[in-house]
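Encoded as structure tokens, here's the structure I'll be asking about.
For reference, chains read A, B, C and D in written order, and residue numbers begin at 1 within each chain.
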Amino acid sequence: MTKGRLEAFSDGVIAIIITITVLLLDLPEGDDMPALMSVMPLVGCYLISFILIGTNWVNHHHLLQATERVDGKVLWSNLLYLFVMSFMPVGTGWVGRSRFAVFPVRVYVIINLAGAVSYYLLEKAILRANDSEALKSALNESRKEAWTFAVEGLALIATFIPGLHYVSCPLLVPAVAPWIVPDLRIKRAFEEARKTQQTKGEKHE
Amino acid sequence: MTKGRLEAFSDGVIAIIITITVLLLDLPEGDDMPALMSVMPLVGCYLISFILIGTNWVNHHHLLQATERVDGKVLWSNLLYLFVMSFMPVGTGWVGRSRFAVFPVRVYVIINLAGAVSYYLLEKAILRANDSEALKSALNESRKEAWTFAVEGLALIATFIPGLHYVSCPLLVPAVAPWIVPDLRIKRAFEEARKTQQTKGEKHE
Amino acid sequence: MTKGRLEAFSDGVIAIIITITVLLLDLPEGDDMPALMSVMPLVGCYLISFILIGTNWVNHHHLLQATERVDGKVLWSNLLYLFVMSFMPVGTGWVGRSRFAVFPVRVYVIINLAGAVSYYLLEKAILRANDSEALKSALNESRKEAWTFAVEGLALIATFIPGLHYVSCPLLVPAVAPWIVPDLRIKRAFEEARKTQQTKGEKHE
Amino acid sequence: MTKGRLEAFSDGVIAIIITITVLLLDLPEGDDMPALMSVMPLVGCYLISFILIGTNWVNHHHLLQATERVDGKVLWSNLLYLFVMSFMPVGTGWVGRSRFAVFPVRVYVIINLAGAVSYYLLEKAILRANDSEALKSALNESRKEAWTFAVEGLALIATFIPGLHYVSCPLLVPAVAPWIVPDLRIKRAFEEARKTQQTKGEKHE
């Protein structure tokens, strides 16, 4: 039951985060094509954020599905994760309005890195709370996490090299690419967990 | 379980989309009837958007009810659909504030067309994920989709004919009219699916 | 299941409506007591709206609990009801910013009256969809509805009498007062419905 | 069922409150570090509010889990609690924009005190509605409540001593510190309640 409400609350916050980013899109000043074009960098930035938040939501979804127990540390790791994610709309708005200026792009990349780190901490907290062998072996490899950290690290470095910061925002998409395909490790662990539960249920009978 | 959370997340996003459109209604500047009248085009535009989003929600509702399996493609088709729908508030705001100028109306019609296309893709993704004969034969006719594409296409063409673009926004309502009556094809398929499930259940016993 | 999602969606929209009204509260311009005092009419207006929306939510809650069947008409009556309620934030903002000027107060009273009418239509739609004797006899009395229509009608008339429109907003609270105590008629009908269901269940066995 | 919808609605409102506070963060005016630094007081203020609202949510969560019956008074106590919490975003925004000026800080501390009081009233209402010995003995001690009232009282007093009001906002974090560890009293009461329920269930059989 605890888990259900955690999911509902997280869904609510993520749904709001993903949607209010749209509110940071200014209405075009004028009624023609150039006016529309002038807000296009913002729309591009919104698209990237939408993909990032969407990917995060799909994986958060799978992660919690494989979870059986939720304790205080999981609740607070999840809140930390939502806190970091809640900076996505202002980050997006700042990058878009500054027309991809160096410093806002750097801050935006750091928000994404912080999101990846807090997601990693949430994984660890869930691992500690759930004594599931399958989940443990599956998540301990952390190859996807390593890839994301590496590519987002590159995106961060790019903001320090003159003229290269335009690559940073687009780089964030390949950084999360391995996550777009839902986390098969977790799926497998989940099915294992279900079997274990059924076995337990049969023992009770 | 996956399906339940997909519904909850979609409901959350659509509820936010439908409600924040109201935030784009400016407060009337002044305390009298003319001040109220000056925001009336926005209210009219909001009414049309509310009907469109409401229709979409009711049908999204029925579509997911007939769904048994949700895979990665369904998740991402649904996110694409929500991404397109999330432009409804800014689209509405732009049309209303420009007092139904040609170009914003054209963009608004395109958002609606893109919404119809992404809904169609979501239908296809759900069909592929669910091996349900009933759902297949029901959705394959696509008469409603053809009607919507045709009428919204007309609304788009109207924005290119001088003086006719005032017809475009009102045309969007008949375009979704066949959807206002909840999708009986899906209802039938759903009942069929339920029967099948019960039969399966009886076999298990 | 349909009913569950209708409740979730309505809860979402009402939660957003009740919360974004706060966004229409301007931050005080200045850092002292007079600055705070200057936004107090808005806070008072927000309080009234919060009580009205809260009352509506509690009763909407009880009404749907007694509902067994949800059809297209119920879905659309509910959307109409949410559409009307979605004007509460802008209505509240306009009244507050105009410091309770005559015309915005009149519009605000009309929004509340329209809310009462659409709630009444939703009741009727639910009655038609559910062939429940208990629900029928309980809701057919309509004494609460008559009281609300009468007092809100008075509040509307007061906006046409010079100097008396200050009474209108406060009058809206007694108008919904009989609803603050959750609708006992529905509670009784609900328990009756549950008994009937149990009886049916026993027949099936 | 009533309880489920109360939780869902509260989650929705709290999710929105926690997220829209971000909207009150102005975008930095400029594209460099000083521009970012100039919004940092707001970010710090947002962090404190996030911890406070998060703590409240986690405890609200545990409180409702131990609840079996929900009556009209619980519904309205909960609405009062949400009403008070809904002032957190504007309070946060005012403190941040005024760069921690004395008066806004005082108002912000008062909002937090009012939140603690309304949470206390909600506890009492739930106690009255649920005739649970375990819940009663657990909540009656009220040591955490006393601590919170005392420390928030100190924070309020500090706003009246020249130069000391900078301590007030940071003081709010230790004020809720004992709540960060989920309420063990309630956890214990909850397990007791479950056992009682099981015993009842066994009696029925």
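Just so it is clear, contacts are C-beta pairs under 8 Å (C-beta built on N, C-alpha and C of every residue); 3 or more make two chains touch, one makes a residue touch a chain.
Just so we're clear, the structure is a prediction, and the values are computed from it rather than from any experiment.
Placing every chain at the mean of its C-alpha atoms, the farthest one from chain C is found to be A.
Where the sister copies chain B and chain C meet, the same residue numbers recur on both sides for under half of the interface positions.
Averaged Cα coordinates give chain A a centre that lies 37 Å from the centre of chain C.
If you average the Cα atoms of chain C and of chain D, the two centres end up 26 Å apart.
Those residues of chain A in touch with two or more other chains are numbered 8, 12, 16, 20, 23. Residues 1-2, 5, 8-9, 12-13, 16-17, 20, 23-24, 72, 75-76, 79, 82-83, 86-87, 89-90, 93-94, 97-98, 101-104, 107 of chain D touch chain C in their complex.
Touching chain C in their complex are the following residues of chain B: 7-8, 11-12, 14-16, 18-20, 22-23, 25, 27-28, 31-33, 35-36, 47, 50, 54, 57-58, 61, 65, 180-182.
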